[in-house]
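The following pair of complexes shares a single chain, chain A, combined with chain B in the former and chain C in the latter.
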Partner chain A sequence: MLELLEALLFSTLDAAPALIFAALGGVLSERAGVVNVGVEGQMRAGAFCAAVAALFMPTPLGVVLGMLAGAGLAAIHGYLSIRWRSDQVVSGMAINLVALAGGTFLLESLYSPNGTPAIEQLPRWTLPLIHGVPLLGALSEHSGMTYLALVLPFVFHAVLTHTPIGLRLRAVGEKPHAVATLGLSVQGLRWGAVLGGGLLAGLGGAVLSTAVLDRFEQHTPAGLGFMALAAMVFGRWTPLGAFGAASFFAFGNALRIGLASSAPGILEFIPQGFLLALPYLLTLILLAVQGQRSSAPAALGTPYEQESR
Partner chain B sequence: MSLEIRAGELLALVGENGAGKSSLMNVLYGLYHPDEGDILLDGQPVRFKSPRDAIARGIGMVHQHFMLVPTLTVAENVVLGREPTRWGRLDLERACAEVTATCQRFGFQLDPRARVDTLTVGSQQKVEIVKALHRGAKVLILDEPTAVLTPQEAEDLFRVARGLKEQGHTVVFISHKLREVLSVAERIAVMRRGALVAEVKAAETHVAELANLMVGESRPGQGTVEPYQPPTGEVLLEALALKALGEDGRAVLDGVTLTVHAGEIVGIAGVDGNGQRELAEVITGLRPLAEGQGTLLNRPLSALSPDEARRRGVSHVPEDRLRRAVVKDMSVEENMALGRQGHPPFARGPWLDFAGRRERTQKLLGAYDVRPPDPLLPVQALSGGNQQKVVVARELDSQPKLLVVVQPTRGLDISAVAQVHARLREERARGVGVLLISLDLEEVLTMSDRVYVLFEGKVTGTFTRPEFDEREIGRRMTCAEPAHG
Partner chain C sequence: MTRTLRLSTVALVALLGACKKEEPPTPTAPAQQPQAEAKPAEPPAPKALKIGLVIDVGGRGDHSFNDAALRGLETWAAGKRYEGGKYAPASAEEVKQSITQDLANLQPPITALNVEPLVIQSKSPEDYEPNLDLLVEQGSDLTIGNGFLLESAVEATAKKQPKAKFLLVDSLILDAENKPYSLPNVRTVTFKENEGSFLVGALAGLVSKTGKVGFVGGMEVPIIKRFEAGYRAGVKTTNAKAAPGLVAVYTGSFDNVAAGKQVAQDLLKKGVDVIFQAAGADGLGVIQAVKEARAAGKQVWVIGVDSDQSHVAPEVVLTSMLKHVDLAIYHACRDLTEGKFAAGDVVLGLKEGGVGYAEVRLDFPGKAEALQKVEALRQRINSGELKVPGTMDEFAAFQATP
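And now, the complex of A and B:
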């Protein structure tokens, strides 16, 4: 029993970072008032670029390139939605579609339809002391990304609530005109948040292809970006809430894998497809339960125009 | 357009809607940029690229629509953009102390730790003023500052303004409420159609003269006070202990009892958000009744639908015309037909009657002096005042028995206001019952035969015309409220 729990915990910690980074990216962008449905696409770009780059250079450098790729797609989103005030949902979806098709095209023309060649994964760290201890041992043997994902939400929380830049970010998502009348730049703040969100989403994608797997696969990230958005909503647009929700979803994912591998007999009763849908089903149920008690930033999705109120 | 603002004076800038008052001040504040001309500050030409420059030169502005972030605290709102820090960390302690100090210097009482959305409108306005003063503003521009305040709060604001002046600040009031302007300002500048038409000393003028300067032509004085006659017509609406719930499940109407007779105008006074909107919605069938009962035109008030209300003879001029009264992309004549599109002259059998609709619309556009009188124009191409005329025309044309009007003159200029008011009086003379809900206490008092005061969803006072007392009504509008500042 304990072993089973440890295995579940281990695979949760392995899968969670991608979701956590992407959800934090969503929080950053949306707290500043820019809807970011393009997280999925930014993750895909990050995963692809990180895997391809890691074929030629050390994997950590590949991860950095993956982040930049996410930010690059986010920059397109920012240009459309901040500079030209286009509809933020449409612009985000366009990014998703471009990333989906572009990723497939590049993958097929450069490598094979199924995925890139294998790369060297990010190194896994063996924690002294707790390695091998029952249950606690699940914390060991992860890539650095897992530990970063456990720390970053708290850092983000501290920045958002306890620093001037955090205060400005919260204000610009609630009432950009108030920020403008104080002589601060609405555009500047939103650009910063969108690019930062892109870096985080790109990191989330890069984790998938360099730590969870050892290559970019055809379907990466397979809807994880949307799950990250759900985690952001369920976490009420707060870093810690998104962290909790993303971890929960990752646990659901681990539960599915654990169920299928530790008790193969279960597949006789429950169809495989149902198990595959389990994490997404959890997402749906949670969002339905949460209902209307939303706490989205008030100016979310509204382009800022100076001469309007 | 030239205007001189002297140091340490109380200046008022008056003009009709669209006269350019707010645009002028937004230019001074660096939000808009002048196409031509210069701004001289202390004799030096200056160019404000953004509000940041204006703030740096000591100009502060309190906008008509508050520029506060509702989810942040008072202190956070005040220090936003120039936050005190300690080791890179936001120092909220110091922020609160600074805000308290500024408040004390100017005689405000504000809790720096309170969230802005929990404050009354009057207190929020003080936060705005503190925000400007905190940034070292020497010149304070107040855009329509009393539009949302009760008489008491307005009085309080004037006291603050005089105090600021005594400390050497310059205060510029933008307003079109002439009586207030006369009571607070020393010098009054009048604008019309983007140009300065007069500058007068407050002590040497009176309301009528200012009004003429503003409108640009002498106009008939507003209706003299009519003698009060107790209502004799039949009871159109009798409501007993109405209760309705808001979106968050809180009671927004709590035991409201009121009657409206045929041939009277019943006013509802109150500060924004005390249940007025919900009352109108209940009576027009837009909001379900949670408790209480009543009769509306001889049938029960419960389980009323908007369609049923219309069939009984209730017309509704809603508060937010673009959201509830018109479809702004559709033409004037299509909007005229809305709600009656299935009846003659707008339809014949199952088909729309285009010719009949055109004819009726043209008649109404003429009768209500809508400009331009073009039935094919989309409603959004009309000015706010003309849009409102379209709505009023439509609602009165259906020969209502009970008329529910909410903020019927919001955003209209003096002549349009007079026209709408005259129409309402005509309807009363015809024997229609009018329920007039307005945030403008002056409007409620000049129009109504009887007034109910709403506060937090309860009726806190009823007055008939001979008993009207602005101060007492104002007190009832805020009665259970702890004194803020």
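And now, the complex of A and C:
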């Protein structure tokens, strides 16, 4: 029983980081009032650039370049939606489409349609004290990304709730005009949040190609970006909520896999398709129950115009 | 406000333009290239027949099902190599290398035909029918739908275009009640995957040290269940102890490598040492997980599917269950060039060379003996003495006779 639990925990910790980073990226951008449906595309860009870069340089450096690639796509989103006030959903979807087709095009012209050549994976860390200890041992043998994913949400939370910059970020998503009357730049804050969101989504993608796999594979991230958005909504646009939701989704997935291998009888009663759809179903239910009292930032999706009221 | 509106309209128009533009590169790039190349070079030769192929969302480069189809059409029938979005002639050596050992002595041998491939990848299931339509409009003499996912699309297009010829791989034409029927312009090819899976299952049972073997499937559909049933029966025949504890897990997709890896890691943690995967691109994740476990010092193996997947990870791929989609497509092309193409339902099993297993290149204790046993089982299936179960119900009634 303990072993089963340990396997479950290990599997969750291995799969969750990409989802957590991407969900945090969504939170950062959306708390500042810019809808970010382009997470999927930013992840794809991050995954591709990280893998390609890691062919020529140490993998951690490749991860950084992958983050920058995510931010690069986010910059296009920012340029369209902040500078030109275009519809944020449309511009986000455009990013997804461009990344999907562009990734396939670049992959086919540079390498082969299968994926990039194999790179050196991020090393896995063996934690000396707890390695091999029942249950706790599940914490060992992960890449650094897993540990980062366990710490980052708390740092993000602290910054968002306890620092002036965090207050400004939240304000710019709730009532940008109030921020403007204080003499702060609404556009500047939103740019910062969108680029930061791109960095995080890019990191989420880079994790997929450097820690989970050892190359960019043509389908990456296979809808994980949308699941991250669901986690963001499910976590009510808070860093800790998104972290919890993303971990919960990853755990649910690991549980489904674990059940299938250790208690196949259960799946006779619950169809696998239901379990696959569960994260989205939960998000829908939450949205339906919340009704009017949505916890989304008040100015989310509204382009800022100084003259409007 | 109006300015915002206008700008978002501009963005929308740009987006729509972008969408439209994104679609064709895949179809037109390979389609136009050979035309441009072919025109000046061949004045007297008869016009090449155009063979259209629509592959499913698994895409080019799955090292598996779709790549097998592309090999049959591009490498074998057309003698071409796809590289960086265009075709180049394939050398004789390349063609020879792409032919697996079990087909090396095929009579008549595989030779290039006078055909021109038009390949379209599908980005989503909604694309299947428009893509097939597009190929027919571009004048393809035979249009191939690769995969059971394209069944309804091929059915619909074949009804709309009664003069065009179609080949549907991996499924019969099914009516609304899922009853098979036939159309006068469609040839279908299906495989007895259970027979090939039986042989690799038998091998897995002989190789396993821990007595725990596993199976990873993609979507839980009847075809993949056929793999599972055959595999289980094979394991039961050579290793009765491992059969009851055999774990079969489905990832629910064919395009999610990470999911495949997660499933395989879970199986490996539970002591499974041989995994057979039939999960499209998810299967590459399974191979990845086994590769990593081997690097960490575990004695574990993986069995590939559809194509010979040994090159993906030579150190851990024990063998691959071969499903000769390549041969089925090559035969259809040859029949077409010889004017012998006829509609109907073709079923390819072990006896017909439609399924089998790839050369076992890795060494393990008792290898020669194990292979002998597997070959003996092959003879018994070919002679009709051994009936391999094709569904889980049939497997329940299956009596293993070693």
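Here is the rule we use: the second predicted complex is superposed on the first by the 272 of 309 C-alpha atoms of A that agree within 3 Å, B and C clash if a C-alpha of one lies under 4 Å from a C-alpha of the other, contacts with A are read in each partner's own complex, and residues count from 1 in each chain.
One rule holds for everything that comes next: contacts are C-beta pairs under 8 Å (C-beta built on N, C-alpha and C of every residue); 3 or more make two chains touch, one makes a residue touch a chain.
Small disclaimer: the values here were computed from a predicted structure and weren't measured.
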Notebook entry, point to check: Thinking of the overlay built on chain A, is A:His77 touched by chain B (first), by chain C (second), by both, or by neither?
Noted result: neither
Next item on the list: State whether chain B or chain C is in contact with more residues of chain A in the superposed arrangement.
Entry: C
Notebook entry, point to check: A:Arg168 contacts which: chain B (first), chain C (second), both, neither?
Noted result: first
Margin query: List the residues on chain B that touch chain A in their complex, please.
Written below: 29-32, 50-56, 61, 63, 65, 67-72, 76-77, 80-81, 83, 85, 88-90, 131
Notebook entry, point to check: What residues of chain C sit close enough to touch chain A in their complex?
Noted result: 1, 3-4, 7-8, 10-12, 14-15, 18-19, 22, 25-26, 59-63, 82, 84-85, 123, 214, 220, 247-250, 252-253, 255-259, 261-263, 265-267, 269-270, 281, 284-285, 288
Next item on the list: Using the touch definition up top, name the residues of chain A that touch chain C in the complex.
Entry: 7, 10-11, 14-15, 18, 80, 84-87, 90-91, 93-94, 97-98, 100-101, 104-105, 108-110, 112-115, 208, 212-214, 217-220, 222-224, 253-254, 257-258, 260-262, 264, 272-273, 276, 303, 305, 308
Note to self: Could you list, by residue number, the parts of chain A that touch chain B in their complex?
What the structure shows: 162-164, 166-168, 170-171, 174-175, 177-184, 298, 306-307, 309
